[in-house]
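Some structures to go through are shown next.
Here subunit A shows up in two complexes: once beside subunit B, once beside subunit C.
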Partner chain A sequence: MDILNALVLLGNFVLIPALSYGSQLALGALGITLIYGILRFSHFAHGDIMAFGTMVVVLVTWLLQGWGVSLGPLPTALLALPAGIVATALALLFIDRSVYRFYRRVKAQPIVIVMASLGVMFVLNGLVRFIIGPNDQNFADGARFLFTVRDFREATGLDEGLGLRVSQVITIITTLVVVSGLFWFLNRTRAGKSMRAYSDNEDLALLSGINPERVVTITWLIVAVLVTVAGTLYGLDKSFKPFTYFQLLLPMFAAAILGGMGNPVGAVVGAYIIALSEVGVTYAFRKFLQYLLPESWAPDGLVQLLSTDYKFAVSFVLLVVVLLIRPTGLFKGQTL
Partner chain B sequence: MKKFLLTTAIAGLTAGAAYADDVNIGIIFGFTGPLESITPTMADAAELAMSEVNASGLFTLGNIVPVRGDDGCIDSGLAVATAERLITSDHIQGIVGADCSGVTGAILQNAARPNGVVMISPSATSPALSTAEDDGLFFRTAPSDARQGQIAADILRDRGVNSIAITYTNNDYGAGLADAIKTAFEAAGGTVTMVASHEDGKADYSAEVAALAAAGGDVLVVAGYVDQGGRGIIRSALDLGAFDTFELTDGMIGQSLLDAMGSELQGSYGQLPGADNPGTQMFQDLAAAAGIDGTSAFAPESYDAAALMLLAMAAAGSTNSADYKDHVMDVANAPGEEIYPGQLAHALEVIAAGGDVDYVGASAVELIGPGESAGNYRELEIQGNEFTTVRFR
Partner chain C sequence: MNLRNISMFAIMAVLLLLVGFLQSWSVAMGLLNMCLISAIMALGVNIQWGYAGLFSVGTMGFVAVGGLAVVLTSMPPVHEAWAAGGLGILAGLALGVLTIVGAVQVWKRMKPGLARTLTLIAVIVVGFVLYRAVLDPAVDAVEGTNTAAAGYLGGAGLPVLLSWAVGALLAAGVAWVIGKVSLGLRSDYLAIATLGIAETIIAVMKNEDWLSRGVRNVNGLPRPVPYEVDLQNSVAFQGWADWFGLSTVEASSLFVKLCYAVLFIIVLAAIMWLSERAWRAPWGRMMRAIRDNETAARAMGKNVTARHLQVFILGSAICGLAGAMLTTLDGLMTPGAYQPLRFTFLIWVMVIVGGSGNNWGAVLGGFLIWFLWVEVEPIGTWLITVGTSAMPADSALRAHLLDSAAYMRLMTMGLILLVVLRFAPRGLIPEK
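== the complex of A and B ==
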């Protein structure tokens, strides 16, 4: 019984939150790694294009809610998702045609394109705030919980409870679907294979008749799907606020670099590691140990490895360690 | 060139002569920066008191002219430069301001004290200002956060809470307040299981909440901002079933919190500056008549700060800071005839007749210790979809 209590406790406070936060990061990190692998630059506007896509979803959700459309226990935002994806894809393609393509043509240094993406970031930043404002926006509806901590406690008779939110379940399932869809696309379809070829060796790909502009377009379309889905899931789980999305940029990049830039598997694994370590390293294990250890061994202190003040240092320490020991990241290089 | 110099000199002289009777009062708030949404109303409220005194025709020391200056709320360099300019080139006789605690301290030490100018701040709440060297020049119509810490501890103990966990937003306001609550609650015999900060505007707060939950406690005290990390913490704590009841500090009281998660917060409580004082309503009526929103944060305190300064000048019979600084406490506190908003003319009559006034004003002004508001608070509880006032403390 005590072991069960300990596991439930850990599940509620560490595993499930880390799993859903990690899933949201994974979708974002995948986009970053794709852009890096194919277009060969670090896309700093990633957090803000995520905010842009989510903003469209929020606006369409409000419209649908105004019409009285609803999905029952599921959030209406899922219905609005396609509209958000289309808008984000158009925005990304427009930005690519008007900004990035020029630098690609003149074969500019990657750092120049990175700076251009920084500029795009500021423009999007302002645009999103101009349209929807800088404040928190709530657009989640439907049922919030699959079961709450209290329901769980009453049903099982355990001392500790485990809550599961609808948004967490949707997040984890959607991430699974999107990620496996992406891997299937990259490994099994012609377009996916041409993307990998282009990423591997640009000149060889050109020689074998692959149209680079087509590859670039497909990449942006995939990125549009990834960021809009990630942003919407995050917004449903917490809330939509442009500034928070901008801040997501750091953990997403940390995840992508940790896993190995340009490596999709690495991005996903890196995201879960970042999320789990942020929550796990700062967790106070006192109660957990109290369940497992005999009473006389039970600790008095909080058994917290690191104060939560240092939460954000965790991902960066991991990053530094990985870069020192394995500069290529956990999974080696561009195996897109 | 000579002619030009001569004419400008003459123009300057005549201009100076024309305004010889003016009493300039500086209003230094953060018209830019984090408080820019409430400072215009605060300044309007202060100017309302000034125009009320001017209109009475009983203020014999001159015509009061407000001079606005910007302190940026978090920009000490700008704040000191503004104060310096207002003191040296506009010759202000007193400062209503500043607004945020940091810039208030900066202006006090670098401009007000060296030049010997009185400051009355309506909104600086840092406990550190209570002990700052001020040469008797600094007053505030806002209470110190040390007082709020005491109030929060009282509310918790009266409700039978024995152990609390505290989370605060990682800045001067949050840290000072968390410290005050911890000290007061422990002095009252309670246990504080953990004091942990949180950063505003972050993506995920489950780590903070997990640590707080592991530490335990009957109630989670949230000293933060309602549209920032404070809300994220509460959302996460509710989702994880870590805490059911929250004690909310003044920064956390806002309708947007209830709109976001209303029913789940039933029975949580908190405190907000405010008094059971007829003056509050009188001020709101007065402000409404002048087209000002009297319910806006710190508007009553701003009106009171300006009114106190003018009454102290009248009582001293001088607009010189060195003369009237000793009269601020006298006009603010008993004994004397109680003065409410809109009765400044009457107060001037009483003073002119040699009587004593006890300025109550819009925020029930009672200055204690180093010249700061004793601090009246409303204890609020979330009932239905609104904050209901339970009692005054």
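== the complex of A and C ==
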């Protein structure tokens, strides 16, 4: 029995990775849920606009690195982030004006707008690959670790160590800042309240003099911030590859639906649940159990529930189970 | 079929002929074969979306199941693998199914409450442990046998044409399970659920080496048509080739592609005939009624969920059939090659562009979009070469643009979809 070592082990391989992955998903899922709440359609181009924003950040980061600019221990990408956000906001507003606005005017069925977002998905998918190519791009620089597994071991004298990467710390702090900023905005400012009112009851909001186009514009601006930050953090944590971002669509949607579409709190909670189960189900628990169980009980196998390639299945199965038991999601949907 | 529609198909035929004259007849025949398969996939999606308004984006999964069916039907069985762990795997799978059935029964039969939750968890945990305990050693045994050439159970060694029917049936079975679970969901939830299903099916095929050899692929699948080499060695065929004035190599490749084309046309014609009959029949009218107003149809006493399940299975079976045909044409099964953009969303573009709710439209869409998907790349390369010809030959930008020409096709597809949705939302051949 060695509870401390077991917990450190679990922390290093499951909890911290899940926490940072969950934070990245949460930012993405918040965007999906906001778009659903205000514009009332499932935004299939979400993964690709995320790739677009991150691509701009990567390019600007390379430019800055070329000029010799750096933030010391922090990644240069943080300096490039505003440029990425501006570019993404412009792109989203352009897409909205040229594609989605028409369908809002003719009051098209949501499913038609979803089709249009499929078209946008194709274009962005091609555009990103056209500009930066389909391969892995590394743009992380600065210090890699806040403290490594070895530092931790030496400091505490435990057998197991806990490493904390700079990208993980940045992810968690940034997510805290962005999410609390978003909730403050939605609950405390005039614009935020008008957004919630619009989401809650469109006609009533129109009658009270809320300008729908303004609400839509604000939504896209917020989405631009969310996706660019989420994409950049994911890229710093792992690496930037357009196809991976496209694949993030599924866990992000699963998180948003799990929490209840249109509900920001739900999206955040859903994201952490998805992340924790993805990492947990694919982690081999043998060493963890060895610390906890008496020697004779120690398992022979890896005690890995599923191999890592099944992580998409995890978000999917969770999604279906929750929808069957609680069709509205964990938190009731349609309330921004 | 009015004059406008006929002329659109004629233009399509001219485009294919142009490829034959400008590029080569082999390329044109290859294109035609893929166009035929795409048209069948588009018909499958059209039945789900055009007939019943189901927004399912799991097409890739069913196409892959069809591909797997070819392996399971036509490859010779690997006897040593069966001896090593075949029964163990079957027993393990049976235990897995029993666990799920047991869990569903517990959920249905027991009263809601703590007792049910606990029993349910107990059934699932015990079932899962047993399943893994039986399956894992058998899988290791199977995958350990002769990994270079086999390491999987093989198939049933039956004629490959039979696998097309098996592909359809297998896809229908998978669709039944998925439909049971997810068809009660709201439309956009169904989309995400089916997207997840498709990814899961691909993950299974990539991982379960005993079933499909995973990423090591299965190649050398049997063919329903003669092999080029045999043709080239046959004296009679050499005579034919000379008569047409072609080299034997070229003639044999063309002949094989022609055989495939004939098979595919027969399948497409049969499905087309059946789809058109269904569309005109009372069943088709009922489907459209459900699509256009679910509540009203329900009020008329139609069982909407059952009809949705039925149409979901039918459409998926057609996609499975097309998937089996595709794998047969390729002669190998590569689970890694299934990409959602190519096998799900591209098919959707075909249906929307062609005209959802119209079978002829879906077929035309399948032909046109596949043609563009293939031909946009050389056209894009040519455009960029011409457009950048003023730049110096060693310009980095020019090299980058030329390298990236392949991605023009994604942008083109997106733009086509957006333009059609905006200006001709009913597609090229609208629903009657």
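Heads up, the rule we're going with is that the second predicted complex is superposed on the first by the 332 of 336 C-alpha atoms of A that agree within 3 Å, B and C clash if a C-alpha of one lies under 4 Å from a C-alpha of the other, contacts with A are read in each partner's own complex, and residues count from 1 in each chain.
Heads up, the rule we're going with is that contacts are C-beta pairs under 8 Å (C-beta built on N, C-alpha and C of every residue); 3 or more make two chains touch, one makes a residue touch a chain.
Note that this is a predicted model, so its numbers are computed, not measured.
J.: Clash or fit: what happens to subunit B and subunit C when subunit A is overlaid?
T.: clash
J.: Could you look at A:309 and tell me whether it touches subunit B, subunit C, both or neither (first, second, both, neither)?
T.: Once the two structures are laid over each other on A, A:309 reaches both partners.
J.: With the two structures laid over each other on chain A, which partner does A:125 touch: subunit B (first), subunit C (second), both, or neither?
T.: Touch status of A:125: second partner only.
J.: Should A:177 be classified as contacting the first partner (subunit B), the second (subunit C), both, or neither?
T.: neither
J.: Could you tell me if A:69 is touching subunit B, subunit C, both of them or neither one (first, second, both, neither)?
T.: neither
J.: On the A-aligned overlay, A:161 touches which partner chain: subunit B = first, subunit C = second, or both, or neither?
T.: first
J.: Stretches 24-32, 186-194, 222-230 or 276-284 of subunit C: which one clashes with subunit B?
T.: The overlap with subunit B comes from subunit C residues 222-230.
J.: For subunit A, what residues appear in both contact lists, the one with subunit B and the one with subunit C?
T.: 247, 307, 309, 312
J.: Looking at the complex, which residues from subunit A come into contact with subunit C?
T.: Residues 41-42, 99, 102, 110-112, 114-116, 118-127, 129-131, 133-134, 246-247, 249-250, 253-254, 257, 261, 301, 305, 307, 309-310, 312-313, 315-316, 319-320, 323-324, 327.
J.: Residue numbers of subunit A touching subunit B in their complex, please.
T.: Contact set of subunit A toward subunit B: 12-14, 17-18, 21, 135-136, 138, 148-150, 161, 163, 165, 234, 238-239, 241, 243-244, 247-248, 251, 275, 278-279, 282-288, 302, 304, 307-309, 311-312.
J.: Can you list the subunit B residues touching subunit A in their complex?
T.: The touching residues are 170, 194, 196-199, 201-204, 206-211, 213-216, 227, 231-232, 235-236, 239-242, 256, 259-260.
J.: Which subunit C residues qualify as touching subunit A in the complex?
T.: So the residues of subunit C touching subunit A come out as 53, 55, 128, 136, 181-182, 184-189, 191-193, 195-197, 199-200, 203, 206-207, 340-341, 345, 348-349, 352, 403-404, 407-415, 417-418, 421-422, 425.
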